[in-house]
Each structure stands twice: as structure tokens, then as C-alpha cells.
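Pasting a structure here, questions to come.
By written order: A, B, C and D. Residues from 1 in each chain.
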Amino acid sequence: MKAVAFLGLGVMGYPMAGHLQKAGYQVTVYNRTQAKAERWVEEFGGQWAKTPKDATQNAELIFACVGNDNDLREVTLGSAGAFQTMAAGSIFIDHTTASAEIARELAEEAAERQCQFLDAPVSGGQQGAENAALTVMVGGDEQAFETARPVIDVMARAVTRLGPAGSGQLCKMVNQICIGGLVQGLAEGLHFAKKAGLDAHQVVDVISKGAAQSWQMENRYQTMLADEYEHGFAVDWMRKDLAIVLNEARQNGSRLPVTALVDQFYGEVQALGGGRWDTSSLLARLEALDKQ
Amino acid sequence: MKAVAFLGLGVMGYPMAGHLQKAGYQVTVYNRTQAKAERWVEEFGGQWAKTPKDATQNAELIFACVGNDNDLREVTLGSAGAFQTMAAGSIFIDHTTASAEIARELAEEAAERQCQFLDAPVSGGQQGAENAALTVMVGGDEQAFETARPVIDVMARAVTRLGPAGSGQLCKMVNQICIGGLVQGLAEGLHFAKKAGLDAHQVVDVISKGAAQSWQMENRYQTMLADEYEHGFAVDWMRKDLAIVLNEARQNGSRLPVTALVDQFYGEVQALGGGRWDTSSLLARLEALDKQ
Amino acid sequence: MKAVAFLGLGVMGYPMAGHLQKAGYQVTVYNRTQAKAERWVEEFGGQWAKTPKDATQNAELIFACVGNDNDLREVTLGSAGAFQTMAAGSIFIDHTTASAEIARELAEEAAERQCQFLDAPVSGGQQGAENAALTVMVGGDEQAFETARPVIDVMARAVTRLGPAGSGQLCKMVNQICIGGLVQGLAEGLHFAKKAGLDAHQVVDVISKGAAQSWQMENRYQTMLADEYEHGFAVDWMRKDLAIVLNEARQNGSRLPVTALVDQFYGEVQALGGGRWDTSSLLARLEALDKQ
Amino acid sequence: MKAVAFLGLGVMGYPMAGHLQKAGYQVTVYNRTQAKAERWVEEFGGQWAKTPKDATQNAELIFACVGNDNDLREVTLGSAGAFQTMAAGSIFIDHTTASAEIARELAEEAAERQCQFLDAPVSGGQQGAENAALTVMVGGDEQAFETARPVIDVMARAVTRLGPAGSGQLCKMVNQICIGGLVQGLAEGLHFAKKAGLDAHQVVDVISKGAAQSWQMENRYQTMLADEYEHGFAVDWMRKDLAIVLNEARQNGSRLPVTALVDQFYGEVQALGGGRWDTSSLLARLEALDKQ
């Protein structure tokens, strides 16, 4: 059975690495905060290492799921990073939502070491990670993808390669763009429904059968109406992602007026203290002014 | 069997009235452009009348589906309007997408004549009208609703009463609000995907399984990518609806920043000559500038 | 000396009518709330009348400055309105900020009575009204304009005819459009300056010499920084004006994305309780979220 | 007389360095494209050097005016950069519009070398540079500022220190924020005026006396109406600046909805081929769609 490494045991990485171990791979985990790595080993077996470098030593596949570009740079190219010891022929699979730029850079760095790098951001949230039901969007070498795929499959509902290095990140960006306008539209709809004196639950019941339907409408309207925003992907993460998106758009010449605007509205949610609320909290922003 | 009238045989009204006749009601139709009324009688049987007043004379239920508030005022309160001859006890069911204000006004006018008025805008588009699969959102008297419901059912997949006069229109407004932001988000996503050099079809295939999913994404992305905008509800109609929405929001104190912005973007689609394109043409607006 | 009437003694009309009386015209005033008319006569002399109709009876020039389209319709075409008694050859000069549509309608109605109607909205605010320093933007018949001009001059710093009926209102609309984006830009600038830890007074001192300079920057930044919004044109009025603007834009095919957005932001100021604050309160909206 | 260096002889730097030489300073210039440096020496005297390092060698004051953060990093910390040879006690004055972050970083780097760094972005454009009429916004050590001030004065109309390292850049950011909303508002106003059939020149003549007045209105409306956009600061530069602004706002927690939106509109101007047009070309964007 293959030896693999997993770097970053956060909300996402912790259960993802667990699925690999449960599937029979020999997983060595690394986490900056060591206690979490120890806890993981207690729960799943496997081993933990003190640094990315140590974890990577004997691994054929190295997985990572850390926060952002800087974190990723540190666990790869840093002085104790995985790229220091990564063996020729091994494949680094990064599940962090990061820029396409760093994906291309790390793909080149890996190539210089006779390794491969796949950018493989995910969607599906904490629940998807826990239930091995993630959607994985992959960019990078086709051969490497075919090799890694069966292992990624262990954590996923769907795994797709979208093109060369960076393509996974770019696909994830499209996902976030679509969500921005959609959630704001939904928030405005619910806000209006309440102001209009309608029973918003009934309204959603009616309109969710037709052209206004969306996953967000079906899965978030109840918590939104209940003013509960603790059920998913955090606003702070979303702003990180939208910063990456808007920067990439600057490079590739696309224009994203509503995405840029909604990003600022998320900034207003942060000002309200909602950085850790989920992304459907755009409704809370609309209502905050009324509550004063 | 009940005698009913149907005023307005446009894209929507024509097939809707047809379903009523086919279901066994004695339908008298009126249409401003008489030729359409004659054609309808040829196709479905029933009768046609020269004015709304004439059509309404003996009807227990009067249906209408005309363009906007002004049109509606004309076919009801106008000198040859239905309210001139509407018999006490009859029910006027309006399928026009119009303001809540005129719904309330006509409900009062009807009450003065011992009649009832139900605002009953629909969603589901031309296809829904043709296949008797509309979603009908009703406002008005509960008793009247119960009486009219079985007849409305003939044209619909779902019929719901949302509250007093105007509530049907208000529910439809929520629908349009949700669509505005959603479609712009989708358009920005596809625009970005193309600029990023991704295979946009594949991207949608991947992300439409998750949190970015929407009816619009599933049903419109292919035509959007093919630059085809002739498959549904027209931008001119959408702007009419959004004008109603934004005016109502002004009254009820709700704030709709993205809806207001997208309404202006639809204005740009109109400037491009796209007034008759469907609402997914927000992508065409984004791309128009590149094509110059 | 000419006999004139003045309808509407609000914040603007009261001092405006006063200037006319002081200049030697025989002014008969009308105000809905009679007490204000009585007070005006005490202060300036002249006469007051119980209805617009009565006030207008013997007047060669009739001035009005009421709130909005509806008010204007009432004091002109209403059953006790000025158009009931307006003598052939007289000129009605309307200083209300209203739609171009009603201006055109009243110009036609006046013509049918062998009278003239000039739309003549003003800028300059309460101070301009009190100091006879208004800017007056006129639409309507050229001859009538030349006749009325010397009388309007009494209240104004500048009086310009911009074209046929409605043109005065359209010019005022351009004014409001320019102000919307400008004030929001200024508010964002000051908000950023404070967040950046700069001395915002010093910043304005520096940048107001160059390309960022504006009347608003020079005349409002101090009160904005002091969180004082009681120095001018109210948000409620601004929203009324922007509703007129956005409706006209719908007709003439112009697109006003930032104007539409800022209008919604003014809606948020209203939600905060700031309907009577002045238009520079867009900064308060930005800061409200921080204060929670 | 002091020996000074000037790095970067672009549209701005070329005349700025000229003013220093004409004022009697011994200027050694460096420019990446050497030909320009040679031309400068021909025109003004002084000397040119092959690298920033060489130019800086004997200078007490080193000025720079290059493109962006990356350029600045290269001419300072690069292997042939000024910081390699900068003598203890010398002062580096940077006129580039760059991030506050790099200003703080270079201030620290300078301090480690017993030098000082002042961020000193300018406004006033090419004309201001040529006429020694720039507005200079300075951040950094007060003592260093006092020493450098008389020399900076040679190129400027106004020189102000706004606080510690980075404050000059932050002040310039406020300037750009204010301009974004303002110019879009103005563009929408002119666009509406034309659509409304008004004489836009006359309209500006009227409204530029009041609350809608701005430097942009007075100095740009004629070229905007003439569809001429070659009179000033380029859209490409503006987007660079707004990227810096929006990034800084992300850090300091300010929200800039209209700035973010206008930035995207400038992206649309770029798509139209207007990257080198001046910033008033937001009107061209509004009109582009009509022209198709």
C-alpha cells in the first residue's frame, strides 16, 4: 500500500486525511499546531511528523490543505517544507483554495525536482470532507492526475481534471463568482419578502420550483430567515477567495462588477463582526441597518 | 359548466385560455388585436368578443393576462373595460405581472361592485403556459381563491395563495429579485471561465453539483455559451418587472442594491438591441465590449 | 406693478415669495397649512388666499414650489387648483423638483387655456433661497421665459432656459446624477482615510487642490467628519429626485449604474433613521456597520 | 550644492529631474532605457549612470519615480539597486504611486542602513510635473522630511507630510477613491444629458456653479463630450492604483463599494481598447453599447 503524507489538519484536512488512512493508505500527517496531529493519530492511527519535510520523506503522494498562498508557500518551499525532501516521481496534491499563479509556480518547482504538482481545490464544505463527498477540481499533468485519481477518489464524490496547472483553482474561482451574485440576489429577495409582509417560507416554497431556484435557496433560506449563520463556509474565507478571483480577473481581462460589489458587502459583514458567519449572512448585512 | 372570459391572448394568454376551453369551460376571449381572437376560436372553439366589457358580460370568472399596469387599467376600468359589466359575485383573476398597488386598487374597485379580484401572476414562461405547468402566485380573498382554484389548476402545476390583495404580485417580485443577482453571477462566472481559457461546459458540469447550482445554471448555460438568447422571458419584460420591484421597495423600505444595478445592466442589454433577448443575455453585455 | 401668486411656502417657497414682495410685486400667497401663509403676510405684507384658485385669480405670474408631482398636480389641476382660474396670457412658473413628464403635461394644459407653463426647478438650497442666490433651470416657451425672467431674477443668481417644456427638470436631474456618485466617492475617501489612521482634515486640505476637488469636498467634509448631517438637502428629497431620474432614464434609454446603486444606499440611510439628514450622510451609512 | 540622484525618467520623472538640475542640484539620472537618460543629459546637463546603484553612489538625496511596487523593489533592493550603495545619512524620496506596504518595508530597510525613506507620491499629472506644480504627499520621518522638503519644493506647488511611512501613499489613495465615484457620476450625468436631448455644454455651464461642481466637471467635460480621452492620467494607471487601494482597504477594514464597481468599469474601458485613454473615459464605456 502506498505511503502518503497529509499537511494541514484543519476543518477540511482533518477528516480528509482520516478517509485516506481508513482506506488503507499509510498516512503521515503534519500540522502546524502539533496537538491536532497527535489527536488525529489517536483517532485514525498512522503517524505524525514534526515538519512538512519530515512527513514527506517517504511519501509517494503528498496532500496538503492549508489556508492560503502564503501558508502553501511555507509548507512547500519553506526551509522545513515538503519540497526539500520530496522524492523524484512523487506527486504533490494541493487541496488549498489558492491562486492559479502559485499553482503554476509550484508545478514548475516540482518539475525541476522530477516531481509533479496538482492543484486540486475542493467544494462541498466541512460536510463534504467528513462524508468523503467532496467535488475536486484538478489542474496539472494528465499522467499524474491518472495516478493520483484513485487515491483522491477516496475523499470525493467527483474528481475532474480541467486542464494544465492552475486550472483546478480557476474552476473553483468560477464557483465562487457564481455564488456571490446568487447569494446577494437571494438575500435581497428574502429581505424584500419580509418587508413586504409576506410569509417568506411560503414564498420560497413557491418560487423554489422554478427559474429562481438554487442550491443556496433550498439549503440556506431557513437558516437565513432564522438569522443563523453558522452552517458553512465562512465570510473570511470567502473574502480570501474573492481577493484571489478579482486579482486573477485583473490579469485575464474579465470584468466582474457584481462580484466586486458583493466582495465589499462581505467586507461590511466583517465590520459587523461576522467574519466567521457563513456566506449567506449577506442578509444580516441588509438587516443590520434596520436594527439600529 | 361555468362560463368564463379571458382577456389578452398574448404569448401567455393564448395557450392558457386554450387549456380552459379544452377542460370544458365555455370561454369567451377578448384580444385587442382581433385577428388573434379569431384564430384562437378557430383553434379551440369558444367565442370571441369585441371588447372586454362584452366578453365579461355573462362570465362567472374573468381571467386576464395583458402587459402592464396601464394595459390592465384599460381592460378593467376603461370605458369598454370588464368592470363595466362584471356581474355581482363574479371573480376577476389577473395573471399579468403588475404592481401590488394596482392589485389593491382593483380589489377595492371589485369589492364596490360586489365582486372579487385576485392577483395571480405566474412563472414558468411560455413553455409553462403551453404545457399547463405554470406556478401561480395568488393574492386576495380566501373564499374567492377557493372558488377559483380548481379552474386555475387547469393551467398550473402549482397554485398558492400568499395573502391579501397584492400578495401574488409581491411573491412574483421576490422571484424576479432572486433571478437578477443570480443570472449576473452566472454570467460573470461564465465570462471569467472563457477568459481563463477553461472549457466552460466542463466547468459547469463540475460546479453544478454543488453550492453554485441553480436552475439558471442548468437550463441556460449552454445557450449562453452559444450566444443564443432566444429561449425565454425577454429583457424588456424583465425591466418592466424590475421597475415595479424597485418602486415597491421604495415604498416598503427594502434596499436592493444588486437588483438595482442589474436592472441598469439590463438597460445596457437593451441599448445593445437586446430588448427581446432572454434574461440570460447579461453575458452578452459583458462580452459586447470585447467584440468591438 | 405686476400682481403675482406664490403657492407653497415651505423651506424654499417662504423666502422666495418674500423676495418677490420685497422687490415690489404684489404677492398673494397660498399655503396648504394656512398658519404659514398668515405668518408670511405678517412678515412681508402682501396677501394670502385660502386656495390656489383664489390666489391665482388676478395674477399675471403664478409661482409654485411644492413637494412632488402629486402635490403639483393638486395645486394646478385639482378642484381648487390654479388652472381653474388662471387668466389667459398668464404664466405659471413651477420651482418644484418634479418629473419632466408632468412639466410637459402641464405645459399642454396651460396652452389649452392660452397660458404658459415654465418648469423652473432650482438649486442652491435653503441658503440660496434665503439669499436670493438660487440657480434656476428653466424649460418652456422662449417668449414666456423672456417675460418671466426679470421676475425670477429677483430670487436668483443665475437663470437659464435649457429648451422646451421639461428641460429645466431634465437639467436638474443631471445635477442630481452628478452629485450621487460624487458624494459616495467622497464618503468612501473619508471612510478610508479614517480607517487608514490619517488625519482626514489634513488629507482633504491636500487633495482639494487637485483633480479630486469638488464643491461637496470643500463644503461638506468638515460636517461629515463631525458626523453632522443637518446642513442641507435631505435624503428623503434626494430619493424622491432619484426616483424621478431613474424613471426618466428608463424612458430615454440612458443607463445610470452608480446612480441606481447610490439611490439604494440612500435607502439604507433612511433605514438608519436618516431620512432628514443631508445627502452627505452616505458616510454615516458606511460607518454605521462599524458602530454596532 | 547637494548631489542628488533621480531614478526613472518617464512622463513624470523626466521633467521632475529637470527641475532639480535647473535649480542647481548636481543630478545623476538613471533610466532603464538608457537612451532617455542620454537625452535628458543633453537637455539638462548633469550626468547619467548605468544602474541605480551607480547613480546613487555619491548622492545625499535619491529620488525615484518608477511604475509600480515591483519596479520600485527592483531599483531599490535589486542586485543593481540603490540600496546597495546608498550612503548612511542619505534620504530616498519615492514619487511612485505604490502600496503603503512597500513604503513601510523600504523605510525599514533604509533604517537598517542608517538611511531614511520617504514615500512621496504626487498628483497634478504630466502638466504638474512639467510646470513644477505638483502636489506631493509625504510619509516618513519628520526630520528627514524637513531636510528633503526644500529640494522637493523645487518641483511642487504644495508639499505636505501626513504621518509615518506609508502615509503619503495612503493620502494618494484617498485622492483616487474620491475621483472614481466622482468621474462615474459625471459620466452618467453627461450621458443622461445627451440622451435627454439637452445641450450638455449649457447644462454644465449651469450646474457647475453649485453643489455638483468638481474639478473634473470643469476640466474634463468638454473633452468628454468631444469623445477625446487623451488628456491625462491613463486608465491602466488608474487600475493599478485602484488595485492598491482595494488591497489596502481589505487590510484596514474599510469598504469601498462604488470604488470597487468603478474599478470594474475601468476594466470595461480596457476591454474597449482604452487602457491608455484618460480616466474620464468612463463616458465612452457608457456610450460604447449604443454605438454597436
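Keep this in mind: a contact is a pair of C-beta atoms (placed from the backbone, for glycine too) under 8 Å apart; a residue touches a chain by one contact, two chains touch by 3 or more.
Since the structure is predicted, the reported quantities are computational estimates derived from the model, not experimental observations.
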Item checked: Chains contacting each of subunit B and subunit C, listed by label -> A, D
Checklist line | Most distant chain from subunit C, judged by the mean position of its C-alpha atoms | finding: A
Next item on the list: Would you kindly state whether over half or under half of the residue numbers at the subunit A/subunit C interface are used by both copies, giving same or different?
Entry: same
Note to self: Averaging over Cα atoms per chain, report the distance between subunit A and subunit C in Å.
What the structure shows: 53
Next item on the list: Report, in whole Å, the distance between the mean C-alpha point of subunit A and the mean C-alpha point of subunit B.
Entry: 39
Check: For subunit A and subunit D, what's the span in angstrom between their mean Cα positions?
Finding: 38
Notebook entry, point to check: By residue number and range, which residues of subunit A touch two or more other chains?
Noted result: 249, 253-257, 261, 265, 268, 271, 289
Checklist line | Residues on subunit D engaged by subunit B in the complex (per definition of touch) | finding: 257, 261, 268, 271-273, 285, 288-290, 292
Check: For subunit D, which residues count as touching subunit C in their complex?
Finding: 100, 123-125, 135, 137, 157-158, 160, 162-163, 167, 170-171, 173-186, 188-199, 202-203, 205-207, 209-217, 219, 233, 245, 248-249, 252-259, 261-262, 265, 286, 289-290
Checklist line | Residues on subunit C engaged by subunit B in the complex (per definition of touch) | finding: 239, 243, 246-247, 249-250, 253-257, 260-261, 263-265, 267-268, 270-271
